[in-house]
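Look for chain A in each of the two complexes below; its partner is chain B in the first and chain C in the second.
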Partner chain A sequence: MAAGPGLGAEELDLLEKSLGLTKGNKYGVQGERKTPVLQTNSGPSLTGLTTIATHLVKQAKKEQLLGSNAEEKAIVRQWLEYRVTQIDGQSNKDDIRIILKDLNLYLEDKVYVTGNNFTLADILMYYGLHSIIADLTVQEKEKYLNVSRWFNHIQHYPGVRQHLSNIVFIKNRLYTNVH
Partner chain B sequence: MRLFVSEGCPQGLKVLAAAGASGAPVRLERLPQGGHTIPYLTRPQVLALHLDSGTFLFSPNAICQYFFLLSGKEQSDFANQWLEWEAMELQPAVSAALYVRVVQGKKGEEILGTIRKFLSYINQSLTKKATVYLTGDTESVADIVLWGALFPLLQDESCLPDELKALKNWFQTMNHLEPCRKAAESLLTPKGAQEFKAYLQKQPAPNVALEKPATEEPEKHRPGNICYLSRLPVEGMKNVLITSALPYVNNVPHLGNIIGCVLSADVFARYSRLRNWNTLYVCGTDEYGTATENKAMEEGLTPQQICDKYNAIHSHIYQWFNISFDYFGRTTTPHQTTIAQDIFQRLLERKFLLTDTVDQLRCEHCQRFLADRFVEGTCPFCNYEEARGDQCDKCGKLINAIDLKKPQCKMCKGVPVLKSSQHLFLDLPKLEERLEKWLEQSWATGDWTSNARFITHSWIRDGLKPRCITRDLKWGTPVPLDGFRDKVFYVWFDAPIGYLSITANYTNQWERWWKNPEQVQLYNFMAKDNVPFHSVVFPCSLLGAEDNYTLVSHLIATEYLNYEDGKFSKSRGVGVFGDMAKDTGIPADIWRFYLLFLRPEGQDSAFCWNDLMLKNNSELLNNLGNFVNRAGMFVSKFFGGRVPTMELSPDDQRLLAHITLELRQYNQLLEKVRIRDALRCILSISRHGNQYIQVNEPWKRIKVNPSALCLQGNYVRELKAQKAEKVQINAEVSKLLALKKQLVLAEGRDPEPPPTKGKKKK
Partner chain C sequence: MLPSCLRTPSFPLQTLYTYPENWRAFKALIAAQYSGAKIKVLSTPPQFHFGQTNKTPEFLKKFPVGKVPAFEGDDGFCVFESNAIAHYVGNDELRGSTKEAAAQIIQWVSFADSDIVPPASTWVFPTLGIMHYNKQATEYAKEEVKRILGVLDSHLKTRTFLVGERVTLADITVVCTLLWLYKQVLEPSFRQPYDNVNRWFVTCINQPQFKAVLGEVKLCEKMAQFDAKKFAENQPKKDVPKKEKPVKEEKKQQQEKKEENKPEPEEELDECEQALASEPKSKDPFAHLPKSPFIMDEFKRKYSNEDTLTVALPYFWEHFDKEGWSIWYAEYRFPEELSQAFMSCNLITGMFQRLDKLRKNAFASVILFGTNNSSSISGVWVFRGQELAFPLSPDWQVDYESYAWRKLDATSEECKTLVKEYYLWDGEFAHVGKAFNQGKIFK
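Up next is the complex of A and B:
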C-alpha cells in the first residue's frame, strides 16, 4: 500500500472529530502497510482501520452508524472491507475505472451505501475515495453520476468533510447523451 | 436466501461452514465459472448471497458475518480485528500459497514458509489469550473465517509444526466441528485440494514479491494524494504560505474585517493555486485574553465555552463568504502552549528577556488588573479623549495604559489605582540590529504594501523599547518560569504564534512550513493597525529564538473600510456585521465582488449601499456577466457547446493581442497582490469581448438569417389560406417560432414566451 506514514492515524483523527469524540486517541502504526494501532486503556490494543473505526463508533455511542439490523450490518461490514482491500493503495487506472463503474451501478437506487440510512460505510468510503474523485475530470464525474451524487451528498454531511478539500460537482450537464 | 458458490472456489468453504454453524436457512446453488449473478459488479463473481430483500452480498467475510448476526450473535472488536486482518493480510498470502501448491505443484515447507509469519501470529494470540477459540471460549465468526482460509492449504493439523502448539490444537478443534466437517466434505471430496485446481488455474498467478518498504521520507507531492494528505512544502515548487490576521473570537466580523483580512487572502490563495503554486492558507480565532474572560462572566459560561460558541460563528460566516481556508483553527490548543513556551524559553536562554517591575492599573471595584483595552483615557501624545490603553485610535501610536491621562476603568468607569507587579519584557533594542538586517532583505525581495513599510519604518525611527510580554491574567498561555507562573503571555506576544500552532493542528509536520525560510514564501494579510506586531514584535521574537523560523516575505496591509459616511460600529448598530450579509438574501459572490472592487489599498474607502447595487449591476452583471452569458449561450445554441476551429482575421488577432496584454497585466498585478487593479483587468477583458460581439453582430452572420424567417412566415400564411391540415399548419408554425426564437437569442435579447395558439407544447 503506497501510504505515507500515519495515513491511517490521520483518517482516524478525522473520524473522531466527525463522531464528536473529543478525547483524541493516540495511534501507532505497525508493519509495512502502516496499519493503525489504537492503545486502549481498558485492554489490549486494537489493530486495523475498520476495526478501530467500528470501535470509535461504539465509543461515541452512535451504534446506528453500524447498521440497524443484521442485513444492514453485513452491508456495512462488506463495504468497509471493500474500502480497505479494493480501494486503498489502488493506483491501477483500469481497476479504478472498474471500481467507479461498479459503484455507479450499485448506487443507482441508493441514497447511502446501505440504502436509506447514513452509516460508517458512507464515511469511510468517502474518505477512501476522496483522492480518486478529486482527480476525476468533469466528464468522468458526469459519467459516474450516481457516485458523484452520493459523494457530494456525503461531503456536505455535517462534520464529515472537515479540512478535506470540497470537490466541486457541476450541476448542469455539459456532456449530453452520456446515459 | 440463496447462496451461489462457484465450482472449486476455496472461499466457499468458510461460507458453507458459517451457514452450518449459525443455522442460517440457505439454499445452495452452484455457480458456473465466470458466473454473473450480481448486476452491479463488472468482474464475474465466485460467491454471492442473494437475500430475500433483493440485496446481494459479495464479500465472503461479510456473508459469514451476516449468518452469525442473523442468529443473534453480536460481534466483538476482536472478532472485527481478526476479520480485517484475514481480508488484508492472511487471505492474499494463503491464496498465493494455494496457487503455488495446487497449480505449480510445490509442496511442504516451501508452501508453509510463505505463510509462516501469519501462522505464528495466530499461534501467539491463542497462546496469550489461553482460550480454546480466537475470541474466547465459544466459537465465533472469526474462527470460522480463519479456519476457512487455512483449511484448503493445510487440511490436516499434522502438517503444522509442533512448536505452533496452540494453533495446532485450535485447528484440530475446528476440523472436528460439525459444520466445518460438512463443508469440507462438500467441497473437497473427492480430490482434496486438487478440487480447486480448475478454479485457481483461471486466476492470475499471484505476485509473491514483497512490497517495497515504505520510504521514511515525509509525504511528497503525489498527484491524486495531495487532497487527502496535509499539504507540505515541496522542493522545487513555489511554496506559498498564506495567513490572514486572526480575528479576535469575541468580535463579530464586519465587512471591513472581511475585506481587510480573510477575503483578500482568499483571492490571493485561489490565484496561487491556479498558478500551481503549492499553497497553504490558514487562519483561526484568537481566543486568549481578558475580553473573553469578561464575556464569559457576563454570559455565565466558561471562557472555553464562549470561545467554542464564537469560533463556530466566525467559521460559519467565512464559510458563507466562500473563504477557501485549508484550515481554520483556534489559538486555544495544547500546541499553542507548547510552541509559545518553547519560543519563550529560547528567548530566555539567549538573554533576550528582561525583568522589571511594572506599575499597572488595578480597578479595586472590579477586583482585577485592567488589561490595556479596558482602560480609557486621554492620549498623552495627541490628546484624543477616547484613547484606549494599548493604542490610540486617532494617532495610532502604541501606548501603555498607565500613560493615559485621566484613566478610567472601561467597565465600571471607576478610577483605577497604580499597583506594582513583576513582568517580563522582550528586549527589542537588543534585537534591533538583526531585525533591521532582516527587514532590509525582506523589503528588497518581497512585496510589502507601502503602508506596511511606512508604518514599520516610523516605528523603528521612533526608537524601539522593550515590550512587556506578560500579564496578570488567568485566561492565556501560562508563563513557564518561577516567579511568573501565575501570569500569562500578553496577547500580542502570543497571538501571532497562533499561526504556527494552528498549522500544527493541521499537520504535525508544521515545522516544514514554519522553520523553512529557504523554501517557503510567507504572506501575511491584515489591516494596517496590525502591522507593527507582524513586522517588528513577532519577527523579533522569532529572530531571538534562533530556530530558523520562516519570517514574513510579503506583508499585505489594507487601509480602512468605512461605512457610508462614518465608521463601522457594533455598539452603535452601524454597519453590516456577521450574518447580516447572508440575511439580506444577496448571494456571497455579490458581496465578494463589491468588497474586492472597493478594496482599500493606498487609502480608505467606504461601503455604500447604492454603490453596491450600481457596481454590481453595471460591472458584474452588464459587463462580465453579459459577456459570459452571450458568448456561452451563442456557442451552446449554435455550435453544440463546442468552440469550432477558426480562421483568425486580422481584427480577431488584434483583439487577441489586446486580451493577451490585459491578461499579462492581470498576472503581473495579482502576483504582487494588487487585487483592485487586477480586477479591473478582468473587467477590461470582458469589456473588449462585449464590444467585439456588438460590433461584429454574429447573430446576423449565422445561418438563421431574417430571410429564412420571412420565407417560413409566408409559407405558414399560404397554408392557412389553403385551409391545409391543422396538424401541418401547427408543425410549420412551430418551425417559425423556433426560428424567431433563435434569432432573438443570438441577438442577446430575452426570448418572448411563444403565443399559446394551437397545440400545447409538452
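Up next is the complex of A and C:
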C-alpha cells in the first residue's frame, strides 16, 4: 500500500485545514482497508473518503469545489472515484506508470482536473498522488510533464499543501529529447 | 484557507473612461475583478462620448494625451495607459509579490505591447474591415504570430500561468492582447500546434474574473479574411475626422453627429496607425509634401492585375507626376560579394521587408542578373517626393548605403527605357551585360 497521507483520517484532517474548518472532527476506521468513518452530530455516520470529503466541503460552504454545473459535478465525482479505486493502494511500479501516463495525456489540455476550475478532485488527487510523485526522479517528472505542471500548480494553491512536503519541479527542461 | 469569494470593499468609487469593447480597458477591468476594486465604466453618451469627450479641454487637463482608457479616482488621482491603470487597480498578487515576479510580469506586459500588438493588428484589422489588406504584410504578420505562439508555448509547457502559480497581470495582459487573434483568425488548424498556449488561454478566459468582463469568448472556427465591404463602408469615416481635427467647432460638431452611432472603428483605426508607425513620433514623413495627382495604389493595382506592357506602363506614364514623385536607378555596390542566387534574392527581399512601412510611398522592381558567383543587382525605384526616402526613418537605413543611387530625369529616353525594361523584367538591359536571372517587386 502506498504510504503517506493518501488514506483515511489523516487526509481528512488535511482537507479540513485547507477548507478552513477549524473544529476538527474525530474519525474512526472500519474494515481491512481502514475506511474512515465520521459520526455526525445530527444523523447517521458517514463512511468513505469521498463521502466525508464532500460533506466537509458543504460544511465549509464551498460548494463550488464540487463543480459548478451538472457536467462539472459529474467529472468531479468521476475523478474522486478514480482516486479511490485506481490510485489508492497502488504499489506496483508498472501500474503506477500506467496511471501517470494516462493522467499525463489527460492533463495535456487542462489546468485543473475538471478543466478550467479548481475543485475537490484536484485536492484529493493531489493528496492521493503526493507519495507517488515524491518518489519520482527528475527525469520521470519531466517525462510526465503535464502531471508535474498540474501537481506543482495544485501544491501552490493557497491552503492545499499544509504540512506535506513541497516537491520541487524544474521548469527548464533538462531532457528535451525525451517525451 | 482557500480564497474566499468575498471582495474587499475598501476601494472608493472610481471611473474608467473608454469606448465600448475596448480590449485595452479589459485589462484594467479584469484586474479590478481580482482585486475587488469598484470601477464605474463610462463608455457611452451622454457620460462619455468617444472622440468628443476625450478632446475637451477639461478631459485633456486630466489626461493630456487624450487617449482612452483613462482612469480617475474619486480622490482626483488620474492615470492613463491601460497597463498603468491595471497595475493601479490590481492587487499585490497580480503585480507580483517578489521583486523577481514583478520584473517578470513587466517583461510579459512589455512583450505583449512590443511583440504581439503589431502583428496582431496587421493581421486582424483587415479582417474587421478597418485597414486595407496587404498580402505581404499579412503573411509576415502570420509568421510573427507563429513565432510568438511558439515562444509562449514552450514557456507554458511546464507552467500553468506565465509567472508563478497564480493569475497575474502578465496573464491578463497577454490574454487580452491575444483576444482578437483567437476570436478572428486563429482557426483550429492554425492554433493546434500550440496546445500549451491554448490550454492556458482557455483556462484564463474561463476564470470567473475574466468571464465577468469578457463574457463567453467564442474561439475562431474559420480564419476571417479581409472584409472589403466593411472596409469600404469605413473608408469615409476614416478620412473625414482626421482632416477635420483642426477645423472650427461648428463643423466639428456636425461631423460628430454623423459619427454618433459607431464610435469604435475610429479608435481601432488609431490603433492601426500605431501599429503601422515604426516610431511613435514619426507619423507620416511625407506629410509635408503637397498632394499629388499620381495615385500609387491605383498604379500598383494595374501592375499586379493587368498586362504590364499594354496597361500598366501606359497608365504609369499617363499619370506619373514628376513634381510629387521621383524615379531612381539603384545598383548594388558590391556585386563581387554576391555568390548563390538564392542568397542574393534574400538580400533583396530582406531589404523590401525592412522597408515595409515605405510601401505606400514607393514602388520598385529590383532584378538579379547573371548566375551564381557572377551576378549583379540593380533596380528602378519610384519614391514620393524628390529626395531618397531612406534618411526619414532609422528603420529604412539598413540597406540603402549598399546601393549606388542615381536620380533619373523622368522625361529622358534613358528613364523610359529603364522603367520599361525593369517593370517588364524583359528587354536588352544594355547597361548590365548579364542575363536576367530573377526579379522582385516592391509594392
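By definition in this document, the second predicted complex is superposed on the first by the 171 of 179 C-alpha atoms of A that agree within 3 Å, B and C clash if a C-alpha of one lies under 4 Å from a C-alpha of the other, contacts with A are read in each partner's own complex, and residues count from 1 in each chain.
Criterion: contacts are C-beta pairs under 8 Å (C-beta built on N, C-alpha and C of every residue); 3 or more make two chains touch, one makes a residue touch a chain.
Quick caveat: nothing in here was measured; it's all calculated off a predicted structure.
K.L.:
Tell me the contact category for A:Q30 with respect to chain B and chain C: first, second, both or neither.
P.N.:
Neither partner.
K.L.:
Taking the superposition as given, does A:K101 touch the first partner, chain B, the second, chain C, both, or neither?
P.N.:
Touch status of A:K101: first partner only.
K.L.:
Check whether A:Y157 is in contact with chain B, with chain C, with both or with neither, and answer first, second, both or neither.
P.N.:
Touch status of A:Y157: second partner only.
K.L.:
Which chain makes contact with more of the residues of chain A, chain B or else chain C?
P.N.:
The partner that reaches more residues of chain A in the superposed model: B.
K.L.:
Name the contact category of A:T51: first (chain B only), second (chain C only), both, or neither.
P.N.:
Only chain B is touched by A:T51; chain C is not.
K.L.:
Could you tell me if A:S18 is touching chain B, chain C, both of them or neither one (first, second, both, neither)?
P.N.:
Second partner only.
K.L.:
Can you give me the overlap between the chain B contact set and the chain C contact set on chain A?
P.N.:
Dual-contact residues (chain A): 108.
K.L.:
In their complex, what parts of chain C are in touch with chain A?
P.N.:
Counting only chain C, the residues touching chain A are 1-3, 157-160, 164-166, 195, 198-200, 202-203, 206-207.
K.L.:
Taking the complex as given, what residues does chain A use to touch chain C?
P.N.:
18-20, 62, 65, 108-112, 115-117, 145, 148-150, 152-153, 156-160, 169-173
K.L.:
Where on chain A is chain B touching in the complex?
P.N.:
1-7, 10, 32-35, 46-51, 54-55, 58, 70-71, 73-75, 77-78, 81-82, 84-85, 98, 101-103, 105-106, 108, 127, 130-132, 134-135, 163-165, 167, 174
K.L.:
Can you tell me which positions in chain B touch chain A when the two form their complex?
P.N.:
Against chain A, chain B makes touches at 39-43, 51, 53, 55, 57-59, 61-63, 65-66, 69-70, 77, 80-81, 83-85, 87-88, 210-211, 213-214, 216, 218-219, 223-230, 326-327, 506, 508, 641.
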